[in-house]
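Can you keep this structure in mind? I'll have questions shortly.
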Amino acid sequence: MPTKPISRFPVPDIAELPEDLRARILAVQEKSGFVPNVFLALAHRPDEFRAFFAYHDALMDKEGGITKAEREMIVVATSGANECQYCVVAHGAILRIRAKNPHLADQVAVNYRKADITPRQKAMLDFAMKVSRQAERVGDEDFAAMRAQGFTDEETWDVGAIASFFALSNRMANLTNMRPNDEFYLLGRVPKEAAPR
Amino acid sequence: MPTKPISRFPVPDIAELPEDLRARILAVQEKSGFVPNVFLALAHRPDEFRAFFAYHDALMDKEGGITKAEREMIVVATSGANECQYCVVAHGAILRIRAKNPHLADQVAVNYRKADITPRQKAMLDFAMKVSRQAERVGDEDFAAMRAQGFTDEETWDVGAIASFFALSNRMANLTNMRPNDEFYLLGRVPKEAAPR
Amino acid sequence: MPTKPISRFPVPDIAELPEDLRARILAVQEKSGFVPNVFLALAHRPDEFRAFFAYHDALMDKEGGITKAEREMIVVATSGANECQYCVVAHGAILRIRAKNPHLADQVAVNYRKADITPRQKAMLDFAMKVSRQAERVGDEDFAAMRAQGFTDEETWDVGAIASFFALSNRMANLTNMRPNDEFYLLGRVPKEAAPR
Amino acid sequence: MPTKPISRFPVPDIAELPEDLRARILAVQEKSGFVPNVFLALAHRPDEFRAFFAYHDALMDKEGGITKAEREMIVVATSGANECQYCVVAHGAILRIRAKNPHLADQVAVNYRKADITPRQKAMLDFAMKVSRQAERVGDEDFAAMRAQGFTDEETWDVGAIASFFALSNRMANLTNMRPNDEFYLLGRVPKEAAPR
Amino acid sequence: MPTKPISRFPVPDIAELPEDLRARILAVQEKSGFVPNVFLALAHRPDEFRAFFAYHDALMDKEGGITKAEREMIVVATSGANECQYCVVAHGAILRIRAKNPHLADQVAVNYRKADITPRQKAMLDFAMKVSRQAERVGDEDFAAMRAQGFTDEETWDVGAIASFFALSNRMANLTNMRPNDEFYLLGRVPKEAAPR
Amino acid sequence: MPTKPISRFPVPDIAELPEDLRARILAVQEKSGFVPNVFLALAHRPDEFRAFFAYHDALMDKEGGITKAEREMIVVATSGANECQYCVVAHGAILRIRAKNPHLADQVAVNYRKADITPRQKAMLDFAMKVSRQAERVGDEDFAAMRAQGFTDEETWDVGAIASFFALSNRMANLTNMRPNDEFYLLGRVPKEAAPR
């Protein structure tokens, strides 16, 4: 079967990128062992690349608030609803690693209502999905439902902002036909020693 | 995190099942190394169990026509659209094995339009998705589009019938909260020798 | 105006069918006075025919549980939502007969919320419609709503399973352009002695 | 089973209606043998009654243009999509009579794409349904499709205006829980001599 | 940029219209300073014109019940949902004038849930939107919600009837490509002395 | 009628903001005569503020490609579909100014298909709306339609990226109940000398 390219648009040579982009890409390669294609696809537009990852980091790497695994749940659930292949596969891998659970990502991507999550996490994903798919209807009753599960309003901002940012991210991935790296599919599924070389 | 049960309904003891159900279940266990939960969940109703698997086998095990891997693509794509966790996870595993491709199932489950498939397979999944989601609109133009890709009308029946059968199957899985077995998640992802014990 | 054929696919000669199909068809003809076209259209695929009617009988002819008229209400309501001409016309006739009510089927097919049914039947159809159209969202609260109306969980399985089976049936009818027999339109509308010969 | 009232709102006594309403109602009773409930339900608001029937007559009784049977097809198809029980049952009866066809109304109400109609009538109903359900998307290409089937733009206005008027009518019927008269269900289904007294 | 015509259909010369239409048009011109295009576009069909405006007046000019400004809110909110450019622009102007509020119409047209309205008005628009977009689901619980906000059932009829009438009106405007007059855009936005001549 | 606050979340005092945010806000105030509320609402989260406006500027202030007015058309059309009050009102004002057209924004917000735009702009908005509402379906045929209207693929990225960024922006505005400044409503509608003080 045919293999599709990384992006519908030209993918720049890393060596020719502006220094800050190259540094970021090499750092992620150093850490992960490969360069996730989102860096290559968006590097076609350096200014947008910088803003995209600054936004991403502000939401996903921020200290405090909901856990890192919960943030990835939001990404995977909303990206599933938006049919974004790149985000489901790539963030599915991160969710498996952060939650130390090899099954959760596939469950959440298909139907979070049936996943092995707590009622609190279910409420969080209900809110995230409403922001992702029907933000125009978000109202006081939705914030109240979050508070009833113990979320502060600041945490609810985090949940809604992550759903909003990936509304952008999912669209850019679908616009560019962004292809997930092969490496993501297996990450977090098997104990490291058993992973194929 | 909490682990959900196999089914919302009682799951019978294999030893107490009617002989034909027990024989079928033991045979699949012998072959697969485990009993897929769909057999246990549906065994709660032996008559429905028998009809369900007779229908399944008539469509999925039939000789000739579209390939076994293509049949699984139809299952995975339509089950993704119907948000059926059991079918995406279980048939995703079978698709990986039948297509000898560890990535295809995840791609097709999220967005078949972006998957590594041929234009002919894309047309097949367009047809299957129309039957699954808007069967009331299927018309001559859809059969013509299939013929333009070389499908016979009998093959188009197969495609539509598989989409129809899994419309039933997806609903039963969502009705019963059918839980995919842990074994499915990793099947077909790694060379057999590397799989964890 | 043009009259459309029974099926988009070839319709076999009854004399040339496998013995078990022929026997079943002759039995229904004996009982009803005509052969409903679903038997002819599906006889094109004997294995699928056998599984289809085995499943149908397991759900629709089973003793106990919700009444036969209520089962037909589920068929008519969900088939109306799925725009399945064959099922609305054919099962509309059966509903009229089973409910001994010449008006109910037309009401339920168009909008069950406005039909002459009890609140309990309204709840039953709410559940059936959710399984038919949004099964991925069925949850504990829906089972609770059924229990509040006195349905056992086993009866709720029946309701959901009938909605699921006709999700399949409606799609096969729309796929094959299955045509309702002329006889169905008037059945159960007039006292037998007044029916035209 | 319970029988629902004619309207959720008070139904006036014919004797106490303004003279013009009473005259119209008695005339229709004289002609039809019964008073269709839409007259009684809307008589609750005489000014709205007058405007409603003036609009109705301007579109449905107008000389020339598309046939009377075709106008009723538009009503039945769009009222089916809008789940308006009163309009499907009442205008279904009129369609049977005008088309001299006892089966057409049930076909068109459920899925006009599968009904025994000509390609020209199919195009007409495609247009009517677009006006009824997605008028915001009606554009030059839709008028071109009508012209390709031989409709003048004036006839296309008629088609669109009927779909528009019944968008109003369907909503009033659903708002008021307007109940179809029992008489409508059988009208046009049997030769007059065979109808029960 | 190109300027589109008043209507996709011929617009009659006022001098050649039937006397009653001409009188009505001249009266509105006298009062408003211009002839709103809806009068010109619908004058193409005098009988429909008469019924349309009779219906309009019965609902919008009626004494008592909900305020004139509230009626315009219903028009603007539902016309926004139906993407009717003419009605949003023209009735937006009337709403600004009737509510003596230069901002309310733009808020309500885009998302009434976020507009500067009272909870009672929010409930009124929830009801109107349900009639406009999902009338088939309107039920006792919706009337109860209106009563809880102090609306009589007669007022609820008004709300629903206005939503229903503009379901017709929006479709006719989209069918005919009815163009809002330039005058409407600024009406009610600036103190009269500051308006450009 | 009640006036709603700028944001559902706390709005910081400009004097207490980080220096770069304060500088940016004072610059926009200097230029526009007021501080658009989006700056105040997002200043609650300085890191997100920085990334948001960096992304905004990369897309909206970039030299070359589609015109500034066309970029605002994309914002207004997609924000209308997403029911984002802040973005329709604020960017509607900018569109009026950039297009030097007092009517275009209201037309595009309600239904761009009926607006006074060129066929090329219509195609651009068709593409933008598909990215905004159904990005998962964007494919080669959509890029081909853009090329047929003379857009380069780089310009098509711009169109899609703006639609994607405002998918984020619209959700943040709906999440925070962001309130448009009163000033926006009249901007670009009247010659400057006639605007009220």
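Details
Order of writing sets the labels: A, B, C, D, E and F. Residues in every chain begin at 1.
Keep in mind that, in the parts below, a contact is a pair of C-beta atoms (placed from the backbone, for glycine too) under 8 Å apart; a residue touches a chain by one contact, two chains touch by 3 or more.
Everything quoted here is computed from the prediction, not taken from an experiment.
The chains in contact with subunit C as well as with subunit E are A, D.
Just one of C-E, B-C or B-F has an interface built like that of A-F, with over half of its contact pairs in common by residue number: B-C. Centroid distances built from C-alpha atoms place C farthest away from subunit F. Mostly identical positions are employed by subunit E and subunit F in their mutual contact, as over half of the interface residue numbers are shared between these two copies. We define each chain's centre as the mean of its Cα atoms; on that basis subunit D and subunit E are separated by 25 Å.
Subunit C and subunit F have centres, each the mean of its CA atoms, that are 51 Å apart.
Put simply, the C-alpha centre of subunit B and that of subunit D have 44 angstrom between them. For this pair, subunit C with subunit D, the centres built from the Cα atoms lie 27 Å apart. The multi-chain contact residues of subunit A, meaning those touching 2 or more other chains, are 83-84, 111, 136, 174.
The chain pairs satisfying the stated touch condition come to A-B, A-C, A-E, A-F, B-C, B-D, B-F, C-D, C-E, D-E, D-F, E-F. Of all residues in subunit B, only 111, 113 touch subunit F in the complex they form.
Of all the residues in subunit F, the ones that touch subunit B in their complex are 136-137, 139. For subunit F in complex with subunit E, the residues that touch the partner chain are 1-4, 79-80, 83-85, 88-89, 92, 99, 101-104, 106-107, 109-111, 114-118, 174, 177, 179, 182, 185-186, 189-191, 194-196. The residues of subunit F lying in touch with subunit A in their complex are 8-9, 44-45, 47-48, 50-52, 54-55, 57-59, 62, 82-84, 131-132, 135-136, 138, 143, 153, 157, 160-161, 163-165, 167-168, 170-172, 174-176.
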